[in-house]
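Note that chain A is present in both complexes that follow, paired respectively with chain B and with chain C.
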Partner chain A sequence: MDIRTATQPRIATGLTAGIGLTVVLLTLRALSPEEPSENLPELVQDFFTLSISVVIESLPFVFLGVILSIGVQLFVPARVFTRLLPTHPVARRAVMSLLGVLLPVCECGNVPLARGLLVKGLSVPEAMTFLLAAPILNPVTIITTYQAFGWDHGILLGRILGGFAIANLIGWLFSMHPRQEQLLTPRFEATCHVDHDKPVEGSRFRRGVLAFAEETSTMLPALIVGSAVAGAIQVGVSRDLLATLGGHPVLSVLALMALAFIIAICSNVDAFFILSFGSTFLPGSIVAFLVFGAMVDVKMLALLRTTFTASTLLRVTLTVGLCCLVLGLGVNLLA
Partner chain B sequence: MLLSLIGIIATLWLTVTGQLGLYIHPRYFVFTAVMAVLAAVFTVAAFAIVPSADAELDDTEHDHAHDDHAHEPDHQPEEPGGKPPSGTAALVGSVLVIVLTAGALLALPPATLTTSTVEKRDLNASVAGPTAESIDLTGGDYSSFTVKDWAALIRQGASDDYFAGTPVTLTGFVTPDPDDAENVFYVARFVVTCCAVDAQPVGVAVYAPGWQDRFPVDSWVTVTGEFDANPSLASLQTTAITPVTIEETTQPNQPYVY
Partner chain C sequence: MSTDPAADGGGGPRPGRSRFRRVNGVVLTVLAGAAIALGAANATQGPRLNSAEINTRALVARAEQRLVLHANQSLTDIDASQVTVTPSVPVDVSVDAAAITIRFQEILDYDTDYSVSVADVTGAFTNAARRFDYDFVTPSVDVYTLLRNTTTEAGVDAPDRVLRNSPTGAESTVVFEAPRIQEYAASETVLMTVLQEQDDTTALVLTSLSDGVSTTVGTPAGGPLHDLRMSDELVGFRMGGELDAVTSTRPAPLFVLDLTDASGVPVQVVGLDGAPLPVLDYLFVPGTTALVAQAEDTQLYLVDPVTGTPPTPLGQHAELRGFVPGTTDLVVADPLSGSRIDLADGSVRPLDLPPAEADPVLTAGKIVVLGENTYLQQFDRFDYSEAQTSISSVLRLVDPTGTRPAYTPASESSRIRDFCMSPNGQLAAIEVVPAGSPVDDYDRLPAFTDITTYFVDVATGATRRSVSGFLPSWCR
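Let's turn to the complex of A and B:
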């Protein structure tokens, strides 16, 4: 009774604060000039345009991922995973890497979802395998890649098989790590324990809303910092350099991997983007672009940093990079 | 939460004013708007519930609340009514991120990319478009051709005779030809596959000596004229428009081509 009477005015206060902030922000937007300012240097202007475009493009996917993740946490009982997944770790990870077929989310949406799975008790290597494989092994990505390249030069096959192999390899490597909990940031590790030991009380709606507030507060700063870094690199680095390396079997692979890393484009559409470079680059480098970019890029690293430690991410990036290089060279040799 | 609110308001504002196209491909418009509305519902609910939930946790199980909100010290925004992250550095960091985000997303007027980005990315480095074989210029209907279509055709290296005398009207922004900036400019557009980050500049050369006195770089023009062999010796473009008229125009609602 005490709590309830105390709660009502707090809800009102919270709502009022929210509405007040909304009005302030809307006013700010409405009062800001319509025409682009002449004072800003072009470089700065483009930096903002590029960074904002990454944010606007990724934001809906992050929201979708957060909502799906909450759905999994609230409505899927933990025993579903234990019953449906095979017991053998290798088979489990293989199944996890195919989970993207059911959840065709862009890679930025996968991060909150993977966090939800970790909270549900899945192991770090399993979540990692899902994170790396899902952006590639999902119907939307496969269809767009097919539309862009068909069966030409083994690009589609290279992407699917390469993505599957690399994701499972990384999962296997991390399963060897003796202290799994050290792979996660201390803060996220604590969240996992809290949820296991003492489930948050209240109705599902209430818990869902609280989880939404919690997740978005974690993901959005990461997304914004990642987008700003991506935008800054874009205005700072000239693409001519990358394009001139197109014909070399080794350098072209490295060049497109670097491009994939800095451009931070969603895996659902990256095939169309790189298609326009198709004439300039060798097929192996395109496969490397399509696999590496889907797994690791500046924006993804910022998002993943919310969950995994920096050294874990460094190892993931290096291993994935090395694998993609080998994959790209292999396709170049075969094609 | 504040960041969500900023992001949602910025997205919905762009949607309502039809400026979403400055940043992303039209195929995402509906998805983006729907997710923004959905997220808005959650955010409003969160504003109502989070303060009271925090207060309850404070009252009943203090330790638990502390665990739950043990914020990682970087870039953690302060939740309304929530516990501030530990340390002033973290607080300053979050405030900075919020202020900069609000500034970039809300206070800055939406804008297109400029010539500065054209310089960073090879103009016409990569264009997928109609092929010369598929189009019969002599009889075909090319009035709907965009800058992108023409740039793709020209890039395929069809001979000057192929284009010669073809009348053309194109709208785009002005960007100088780096090899012969005095006499030649490009009427250019950005091609967007997903969002502005992947924008690729495409352009068709226009031979107009002294153009810089009449049109500033990045201004929008409509060029009417005919294709011809490019009289400029320095320019690498073999085909250029010999303009009959060049008129200043305003930036179209859809500045990019897809």
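Let's turn to the complex of A and C:
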């Protein structure tokens, strides 16, 4: 497939559709009453508020991730990875899990970046290790978690060490897969092949713009769908119910993992969000929230589905979930 | 995209995939097993004490302060009988989810090790029980005394000094000195002193207790400044005043200086009609910006000089006797009875104190009310058998169970000049004058040259410390 010829009509179509949609929305806004939201039921208002807040919170990181991804694809030669990364797979994944220290983006921004790394030739387990570890092992997340909890109850240490261990476990697990291309969606797998097989054409700027259009047109619908699902579940699930479970040493962990999955909050700010639950929920449940939510949530799954097959994501979710449950219960037992 | 070198493991696709599934299954099984084991261990373990919230400064300043113990899981209800506090203090207990709130019904003692033990703390979900133990130490408190030095040092008149003392420790430091200090008052951050100048005028000096820097404060004209008192941020003083020959009182205008007001100008307290109010006596209400002033006609007014709201009349009473420690309950005295006015709601209750049992030859003196039915009273014995009348004193604690000695000076010939209570009602500061001590030469607040102030634990009668000087800041 020729990227240039394939994407140009799509861009034109997308541009026309975008302009048309904008005109329709502006016309609707002009014709609608001053405060139309007041006429909506409270649940619908909450749904829009919560969904849009997830989109707004994630959008800068998605764009940052896309830009970093394109930067890696355009400016970082493939040989850099082969030269700089250790040759032993375990050591390579350990280094990849610490890459977030250099590229501090939220988990939603890591998806396009991980796609860029895959296109550039990194293995699926390495990209997956990076994807899961980077939202936790980056300076912004570590600092905000420290500011929220300090060294209390091992929450910060549990998050850092737990995040590192789980990401590397997942990386090791998927390194056992004999045909790693089967872990990827056929469409993305084809993109990887195209990128490898096709000679480089056009200026870097032109290729960057095209890649940006390609990535954002893949990421944004997934982000919006994921955010809408997160908003809908938050409206549907009672937060009081979650809070009453906070004092149970086992159910509190499950409750906050469920909350983390539902609210899909960025790892850079999730520590401050959960701080308000700190007095009612046990420390293990807080750690489980901070680790599980940074790795897997509804929005992330929607974004990851652009790249990985459903069965891969199911395995990741199940394994990460069990790891976080063990981590949370362990902290509750010891802290 | 590359494949991981470990991916194939040398086998073909079919055995490789089988191996992947096997490893995946083992990992998931191990994790599930670990989760079940940890879940079971969590579900059967008793609650643990994770953290505690306590403000020890508030504990020695007010009653009804709390200690919150945070457990690591939700708890069942706890009864006050499960809580043991050593030294003993009555408490109320409540449980909210994983937090136990222990409310101390009384003000705690200074510089004391407390142990709190909660027996049979039971998890709401696990039904397992454990005992919680928590220890804390209450802070000490500073009390100031005035040492009028009537001697000479290196051939020159020694200055007067204000000393900062720890009533339960051993430290005393000079925080201010000047040739002639008439009186002083102190808050946590500021020391105010009234200096007698050579021309018999007075000057008001503000000294920061953090850096020791002193500044003279401008005061209105109208005679010498006296009756200096302080609350946290307010300074009160009276100026001038003529002696009323009939009532033997000296009504004088009352001024209040707000230390948070950048203008630094004292404001005169006014009456209901907006005219300056000459007062006989006044007291700041603890922990507030209000004061109680006694007007010429003995009418009491509750005044808030900061908000400037009109004064609230509290009724006519002969004498202001102070506040019950740790409360805003004002004790007033009339010729035939006393009353207790709760300034929080304005309610007035007759002061129904048990009578003191004392030798008829003793002369009853000052009373300080400590609680509902408890008070300290001074008794003096006058001995006219010798050419010069000698006076000896004793302090007695009176409660419904009887009368017992609270403090007796070591020397039978010493007498008590004055006494007052610490803000928490634990310690009495007692000024003791030895026999034959000469009177100093101050016109206002005259005292004796060798006064020692003793700090006595009222509950035990133990003398915690003695320091040189008089006029303890608790009495201001």
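Structural remarks
One rule holds for everything that comes next: the second predicted complex is superposed on the first by the 296 of 335 C-alpha atoms of A that agree within 3 Å, B and C clash if a C-alpha of one lies under 4 Å from a C-alpha of the other, contacts with A are read in each partner's own complex, and residues count from 1 in each chain.
Basically, contacts are C-beta pairs under 8 Å (C-beta built on N, C-alpha and C of every residue); 3 or more make two chains touch, one makes a residue touch a chain.
The model shown is predicted, which means the values in this text are computed figures rather than measured ones.
Contact with chain B, but none with chain C, is seen for A:I67 once the two complexes are overlaid on the shared chain.
Once the two complexes are overlaid on the shared chain, A:P125 sits against chain C while remaining clear of chain B.
When the two structures are aligned on the shared chain, A:N110 is found in touch with neither chain B nor chain C.
Of the two partner chains placed by superposition, A:T145 touches none, neither chain B nor chain C. Using the contact criterion defined above for the overlaid structures, shared-chain residue A:N168 touches neither chain B nor chain C, since it reaches no partner.
Comparing chain B with chain C, the partner in contact with more residues of chain A is B. Residues 279-280 of chain A lie at the contact with chain B in one complex and at the contact with chain C in the other. Chain A contributes residues 89, 118-119, 121-126, 152-153, 169, 173, 175-181, 184, 189, 192, 196, 246-251, 279-280, 282-283, 315, 318-319, 322-323, 325-326, 329-330, 332-333, 335 to its touches with chain C in the complex.
Contact residues of chain A toward chain B in the complex are 3, 6-7, 10-11, 13-15, 17-18, 21-22, 25-26, 28-29, 32-37, 42-43, 45-46, 48-57, 59-61, 63-64, 67, 185-187, 190-191, 193-194, 198, 202, 205-206, 208-210, 212-213, 216-218, 220-222, 224-225, 230-231, 234-235, 237-240, 243, 263-266, 269-270, 272-273, 275-280, 306. In the complex of the two chains, the chain B residues touching chain A come out as 1-7, 9-11, 13-14, 20, 22-25, 28, 31-32, 34-36, 38-39, 42-53, 55-56, 59, 61, 64, 67-68, 70-72, 74-77, 79-81, 94, 97, 101-102, 104-117, 119-122, 125-128, 191, 193-198, 200, 218. Residues 1-9, 11-13, 15-17, 19-20, 23-24, 27-28, 31-32, 34-35, 38-39, 41-43, 45, 50-51, 70, 72-75, 97-99, 123-126 of chain C touch chain A in their complex.
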